[in-house]
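Two complexes follow with chain A in common, the first pairing it with chain B and the second with chain C.
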Partner chain A sequence: MSRGAWTPRAIVERSLGLAALVIALLGPAIFSSYFTTTILTSTFIFGIAAASLIFLSAYGGMISLSQTALMGIAGYVVGNLVTKGGAGGETKGLILGWDPTLALVFAIVITTAIGLILGLVASRSFGIYFLMLTLTFGVIANYFFGQVTKLGGFSPIASINLYMPGWIGDIVGHPDKLYYIALGVSLFVYVLIRYLVRTPFGISLQGQRDEPVRLASLGYTVPLHRALAFGFGAFVASLAGVLFVWWEGQISPQNLGLGATIDLLIIAVIGGLGRIEGAWLGAFAFIVINNYVRDIQFPFASEKGVLPWIGGSFNTVIGVVFLLIVLLSPGGLVGIWDRVWDAARRRGGPPHAQSEGAEPAAVASS
Partner chain B sequence: MPRAAAAGLVVFATLFVLVIANPPSESGAGSWRTTNSGSAFDDPGAFMANLLDTVTLAGWLFIVASGFSLIFGLMRVVNMAHGVFYLLGGYIAYEVQQRLTAETPGFVPGELVNTWEWLIPMAVAMLCIGALGLVIEQGFLRWNQGQDLRQALITIAIAVIIADQVTAHFPRSGAFQTGGGNLATITWPGWMERRIDLHVAGVEYSLTRLAILALGVTVGVSLWLWLHRTRTGMVIRAGVDDRQMTSVLGINIGRTFAIAFFVGSALAAMGGTVGASQGGVASGQDGLWLLYSLVVVIVGGMGSLVGAAVGSLLVAFVLTFSASYLPSTGDPAGIECCTQYSITFTFVLIALVLAFRPQGLFGKAA
Partner chain C sequence: MKVGRWKLLLPLALLTVGATVTASGALATPAQSGAVRVAIMTDCKGGFGFAYELDIGGAQAAFAQYAGGKVKNKNKPSAGMTGISAGGADVNIVGYGCGDDTAATAVKETRRLMEQLKADVMVGPLSGDEAVAVANYAKAHTKQTFIIGTAGSQDPTMQIAPKNMFRYHGDGAQWNAGIGEIAYKKLGWRNAAIIMDDYSFGWTSAAGMIADFCAVGGKITKRVFPPLNNADYASFVRQLPAPDKVDGYFWAIGGNTPGSLTAFEQAYGKADPKQFIGNLFFAFLGNDKVVAPKFVGAYLGGFGTGPGLKTKQAKRYEAALLSHYPKLPTADGFVYNYYNAAWALVQGLEKSGGAVGAALQKAMPRTLASGYEVSDDGKVKLDSRRQAIQDQYQLQLVKNKDGSVGPVVIAYVPNVDQSFGGLFKPSSPPPGRSQPACKKQKTPWQGKLKAVKNGVITKTTIK
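And now, the complex of A and B:
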């Protein structure tokens, strides 16, 4: 693994990361306000959510399709707790009017607890079974919030971001605030995950990913490790969920739906399921495509939709892009990057590159 | 301890349905014992009707989920496009029936439809969806054999594309544009649209729902005979147990895979036809039926015909009884409390089964 070694590749990657960070920090000064408040802020938010998915897949060997639902649960907790009723107030949900800071803590705690419970139920399922099971959890959560009118029902709980903690203040008038909060939380999550995977817990988590039977025979409780990792993933997803309702201002069952779940999976797969960095990369690529390609006026537009000849909406484009990535580069964008370096090394490239360790990118072949 | 808790929960739920539940009182006041119909002793007719709803829904679930389970059991492919196959199958059957019967596009009254004009649309839909499944299997899945995650991602991408295209193009003739949806309804043959007296507790029951049960049983028996009494079935069962060994023996397992995928996809279309006749198909149901298929095979066990049947019964039981026997606290509309929480019991069922059998009730250990 030789972490911390200054191989040429590590130097390039670290410089790129640093450059990205500097650009992100200067973001509002460089880019238009649409680009920062819409594209970049949502990139950070969905990057955090995708990071929880990639963390579970890269280090735990678990592809979870519950992360969108967990994000939505956190959003719903905030929405139900903070909004106030009365004249001109919100009518959906519990309308408890709690202190926003308390609601924020509550949302994170409840979502993490739900994550631990789901993790315990799913902890003895592996591979494709785990994927199916977590998808089931996600769809059930979607129908739950759609049906239970007390907690919101089919239509959204709105204007949640009018009730912000006092120490954050107004973000509707100052969207750059949310931009820096999302950036800060992204950095926090990234550093936290990088730290966690080097702790004894993180090492044994990777152990059970590769050799669950051997790890169990060494005396480790494999299901417990998986459940705890899932709980941590839920914690990260809850952060994304809170930021999401602050950014979007409302939450509806659609935000937990099958479409949203698949979107997050697409983000993670575009980025690459093997490395945490891929989360924000994938989110950026997805959101840029989503925002700009959507507006292209295609020639020969069919009367059945925006696409030429065949008709249909933007989802067809996303589906085709996703299909191509899965077929051509299962490792996503990070996988292409890895391949470029492998090719350079095979052509007798930089000799130090030999010390390059295989990152846990082999999930796709499991 | 978990065993005792699980047993206690099941015993309490049984007692609640059989004796504890009360019918709504005249005054409108309710307690936690108040349900819409009261216990089995208060209202045996409603209890019988719920039992019948359970078995007929189970037949419907079995038609769809057995196809999903067949494909998974043989090829380890989680066909995430099963839900859109259901949806598209329903629409194709609708279009065919429109061409056969309708003078003006739109609703066809039952007396204009004879048995053939219901069966032919179903057969056409099954052939079309079977062929579509075959194309997907040959074009995308065959050369990714053994990479089950990648295959699942491929079917997700295809599901996104097909779902979007279905929304863009269907229904082609005379939709019921209520609420801007794309609901399409097939008409049952006229002679079936009546209720028959069963002479048990004075229950009159819909003949069409009994027909669904008969269809489900027919599918189950045919599948059993096919798998256990024919050469193809023998090869399929051998392939489920040991794919490599079967092909080493000189059997063309690839052709068997193709047949199984054709049949499994066609069963989704059969379920879709039933669904379109029983209330209609509309965009969004693909997610619901993917959920049902997943839950049935998670509970029943992957790739087992008996498991799919038992799983269908259990899921149908939980869906029907939780919607009918959760407390309604005396509210005439029955929406104030609890019945809307019925979806959570699907999760409870999954958790209960997986706590004791991670591979499902009839699944073989992975």
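And now, the complex of A and C:
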């Protein structure tokens, strides 16, 4: 089946995607202000960050735990460069008062450069060693910004979203602007990744994912491929980082701590480590559960219930969802869709029909 | 078989998500009107998660006392409250915030309370960095009103100071006013080292100790700053001078006070209480049972409260609080400060006729007859940045008749303002690792600390 063909599955998936896009474009008119400016905007932002992780996992065979740190580095660069001191100004960080557009470019360039350097360091590691190495990067970044008080320290650099590029304008008073920017960047990232994986670089990246030795024997420089892919992942993470500080208004070491790192991994796993679409699906599921489950009382877990020690908390529910996903559908929510589609085809068509339309990526074995 | 499993799971998952989203008001709805919507922001996780029920209990006791609130469960404040009304308007508590003493979670929870649950007023937060984050949030959300619960960082009402934010208690530095003079005069310290949590409250609390001690001529020889909620303090206590090289230690560690002191004893042997002055965390948040027994006789900075103070106003407050929640500790600032914040809100609503927004902010009281206040007819005053000028009480750990150890008031410092007599200014950097510098100066209360004996403020000056 050729890529991009209008198979029944492709038609259904593209129709669903188009419907989701139309709903997203009409979001501020349909949904409550909180739902658009908090739930959906953060879904787009964390979806972008998760997309960087899923890209590396699905197409490079690298599960990176550095993406949250890279996102945070971009946020810290923006925070340090744009905020201003003096009476009524900010008090944490370098407070350089740079032009926000310049700071935006700097944040992306610096984060991508750091990503490339980290990628070069980690490029010869595989599997659990790569995972641990990237986790180490994340922990170092967390402690670095916590301990180097000139760049922020434990307390947050705040009010970053009051210093916006002139061509964007006020997003605090007009949060729908940020909603559409985050939506636009999400689309850009999605299209960019879809394009990249079809280029010769993307194909050879998938080649090294499956057979690194064979690819090396064909003359490809596998570590360089992996480092470049990591740099690209850092670029995507930097976009999420900039959007994050515009949305959150502040950045603190907790935003790139172990908890935040695990949250992003959970988003990617819930969404599905095999396909890019899973990034936004996982982010939406995670954020909806995080925001709305808190106020639901579970009869079995209430004070007078059968299992009072479980509690009705977000952590319990997200933990159960995570367990179910890992046990029943390692491909995440997208994996469920794939399985349902295949099952439906098996019932209606030949039992060994190839699952067409799905991305060539597989869930990374590492 | 597999097909059957997915046939069951998928619809269930979709149904759950759909029901949750719809039921939670995802769709645009007209703005609600009528009742005043109040959120109580506190911590239920992290180093101060212990204070969850204390904070909620303190706030709700004031609603019960002054606004007709009906307590649902006297032993569990978070069970809720009904029947609150003030200024002719019903007051609904729409939610309790669950922070973890970090700015990141504070913003997340504040968004949930103020945007998802649409609160008009927040009573809270609890902790220093949380208040910094909420103050910055408040700057951009001017129609909503924020009354700090018990957070003690300086920034929210000094450098940030949004006009819709109020604090009816002192900050961490104010709470320690007078403790440096006690170290200098009663303990004879001439130099000291200080260890502080590396975040805004730790810095502010330490700033009060440093400023007060240096003001009378003391010297700070070393400053050490471990991260908040650190687990292993070994490397940090080793940075402190040994006990025979320094007169004493100011201990401004709140996230893990017992762990930090244990590390000190492992490094240098048994600690001498006369060589230690703690901040409020030597005696509150459960440390009366863990830390205090080892430090009987040690002095500590206060919490703006007067444990055992025998004034009519204090007794009235304590009786009122206990009539609603009998198990709450009356002189614990986690209770007392939330109580006063909620009481101020009730007064504001009474004056605004139940209106919120700018009308409420204008109507918020500029004085409050808080339980432990003595000066100016027992009234806390707000300064121009809506920050309390408050009496402070310095404490000492003593053994009670029943064998327990707890704090008693030993000194009274009237009318402590946030500027510390002009040392701190909106244009100056907030307290930090190296702020303030150690310098001799005159504070308004220097040489005027009154001794307190058996809960009675005497005319004797501490010498």
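Just so it is clear, the second predicted complex is superposed on the first by the 331 of 366 C-alpha atoms of A that agree within 3 Å, B and C clash if a C-alpha of one lies under 4 Å from a C-alpha of the other, contacts with A are read in each partner's own complex, and residues count from 1 in each chain.
Criterion: a contact is a pair of C-beta atoms (placed from the backbone, for glycine too) under 8 Å apart; a residue touches a chain by one contact, two chains touch by 3 or more.
All values reported here derive from a predicted model rather than from experimental measurement.
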item: Contacts of A:195 with chain B and chain C, given as first, second, both or neither; value: neither
item: Touched partner set for A:149, first chain B, second chain C, both or neither; value: both
item: Contacts of A:86 with chain B and chain C, given as first, second, both or neither; value: second
item: Chain B versus chain C as contact partner of A:6, first or second or both or neither; value: neither
item: Touched partner set for A:269, first chain B, second chain C, both or neither; value: first
item: First, second, both or neither for A:340, with chain B first and chain C second; value: second
item: First, second, both or neither for A:30, with chain B first and chain C second; value: second
item: Touching partner for A:250 - first (chain B), second (chain C), both, neither; value: second
item: Common interface residues of chain A - those touching chain B in one complex and chain C in the other; value: 147, 149
item: Complex contacts: residues of chain C adjacent to chain A; value: 2-3, 5-6, 9-10, 13, 17, 20-21, 23-29, 95, 98, 102-105, 107, 111-112, 115-116, 118, 128-129, 132-133, 136-137, 139-140, 153, 155, 159-160, 198-200, 227-228, 426-427, 429-430, 432-433
item: Of chain B, residues touching chain A in the complex; value: 76, 78, 140, 147-150, 152-154, 156-161, 163-165, 167-169, 286-288, 290-291, 294-295, 297-298, 302, 335, 340-344, 346-347, 350-351, 354-355, 358-359, 366
item: Interface residues, chain A side, partner chain C - complex; value: 29-35, 37-39, 86-88, 91, 146-147, 149, 153-156, 158-159, 161-162, 172-173, 248-250, 252, 254-255, 260, 285, 288-289, 291-296, 328, 336, 339-340, 343, 346-347
item: Chain B partner contacts - residues on chain A that touch it in the complex; value: 63, 121-122, 124-129, 131-133, 135-137, 139-140, 142-144, 147-150, 257-258, 262, 265, 269, 304-305, 310-313, 315-316, 318-320, 322-323, 326-327, 330, 363-366
